[in-house]
Amino acid sequence: MKVMVDLCVIPLGVGVSVSKYVALCQQILEAAGLKIKLHAYGTNIEGDYDAVFAAIRRCHEQIHAAGAPRITTTIKLGSRIDREQTMEDKLASVAAQRRNLQ
Amino acid sequence: MKVMVDLCVIPLGVGVSVSKYVALCQQILEAAGLKIKLHAYGTNIEGDYDAVFAAIRRCHEQIHAAGAPRITTTIKLGSRIDREQTMEDKLASVAAQRRNLQ
Amino acid sequence: MKVMVDLCVIPLGVGVSVSKYVALCQQILEAAGLKIKLHAYGTNIEGDYDAVFAAIRRCHEQIHAAGAPRITTTIKLGSRIDREQTMEDKLASVAAQRRNLQ
Amino acid sequence: MKVMVDLCVIPLGVGVSVSKYVALCQQILEAAGLKIKLHAYGTNIEGDYDAVFAAIRRCHEQIHAAGAPRITTTIKLGSRIDREQTMEDKLASVAAQRRNLQ
């Protein structure tokens, strides 16, 4: 099953900056061959359900291994069986609707 | 690795009511032997990382099988390696801090 | 407009424990006369849209004032215009569906 | 207080496609003079706390007015008092950390 995920990982107990850990996740997700796109409050991930969640699990393990005693993560997970839809499809769909509004 | 999860599953394309699908998830999570607690905007789940995510995957499969063409899910995922903490521990910890405030 | 909210406030840069800040929010929400129910990964809040969001704003201000340099918060916000629905109604609705499944 | 928000609005009871409502929100947020950036699972918003939340309230009102009987929204809200940080700053910070990893 193909999924679209938005991942936001917040390590606790490591101070105010979290960018080091976000970069680590980005590296892990890319090494897993997943299609990803970073934004200012998380990372969009597109891929097979099991591959995506295996990579998210590695992110958690590696962030702990890198010194974070606690992590709180927010995951949005979208799946649909009516049709395939990529990140680009979703953005194009909103853009098309936007033109209709004007 | 032990985790605390908050799961909120929203099927799309099946009308306004989602309670049937939440009940289905509750049944799946309990059948998996996980400790769960329903609240008004999601379900707290406590258990082993892999067991929790295997059950969440079954929820997605079963909700689609039950007729929902699309699902958008929000998952909060907490893990800590400094100490074990149950749902009850978290609530007790806030209650103790609350007494200190007064 | 009546809303149902789930609030999860995570202060950063204050160490691993967040319960002191959750307790502070609980106090602020109750002082605002809102109906709330704490769970292990957030707080359910029921009330008028403006009253709820004014109280959430105060939570953010007070957590910063209490020493947290950074906060990341997750809010789920539900509104419906087809009918009124309380926290208890939502739980009863799932319980009724659960009985149908068995 | 300046905030960074990630907004994901899901209307229920209007079928499987939500892009029309996302486009409507985009229009409202832009009309409010907010800096926004759409991604595949939400919209990043940067601005003053009150201006951002006033616009999110208008999104909810207008989505209901456009025919959605029920909405469930996920909001991530970040604030910091230690320093100003834009969307671009956050992405640059992760990119810099990423180079350190390699």
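Read from first to last, the chains carry the letters A, B, C and D; within each, the first residue is number 1.
The criterion applied here is as follows: a contact is a pair of C-beta atoms (placed from the backbone, for glycine too) under 8 Å apart; a residue touches a chain by one contact, two chains touch by 3 or more.
Because the structure is predicted, anything quoted here is derived from the model rather than measured.
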### Task
Have a look at C-D versus A-D and report the one with more C-beta pairs in contact.
A-D
### Task
Matching residue numbers in more than half of the contact pairs is the bar here; say which of A-D, A-B or A-C clears it relative to B-C.
A-D
### Summary
By Cα centroid distance, the chain farthest from subunit D is B
#### Entry: Separation of mean Cα positions, subunit D and subunit B [Å, integer]
25
### Rounded Å distance, subunit A centre to subunit D centre (Cα mean)
16
### Task
Express in whole angstrom the distance between the two chain centres, defined as the mean CA positions of subunit C and subunit D.
19
### Summary
Touching at least 2 other chains, the residues of subunit C are 13, 16, 69-70, 72, 74, 76, 78, 80, 82
### Task
Please give the residue numbers of subunit C that touch subunit B in the complex, ascending.
4-6, 8, 16-17, 19-20, 22-24, 26-27, 37-42, 44, 46, 74, 76, 78, 80, 82, 87-88, 90-91, 93-98, 100-101
### Query
Of all residues in subunit B, which touch subunit D in the complex?
10, 12-13, 15-16, 18, 69-70, 72, 74
### Query
Along subunit A, where are the residues that touch subunit B in the complex?
1, 13, 49-50, 53, 57, 60-61, 64, 69-82
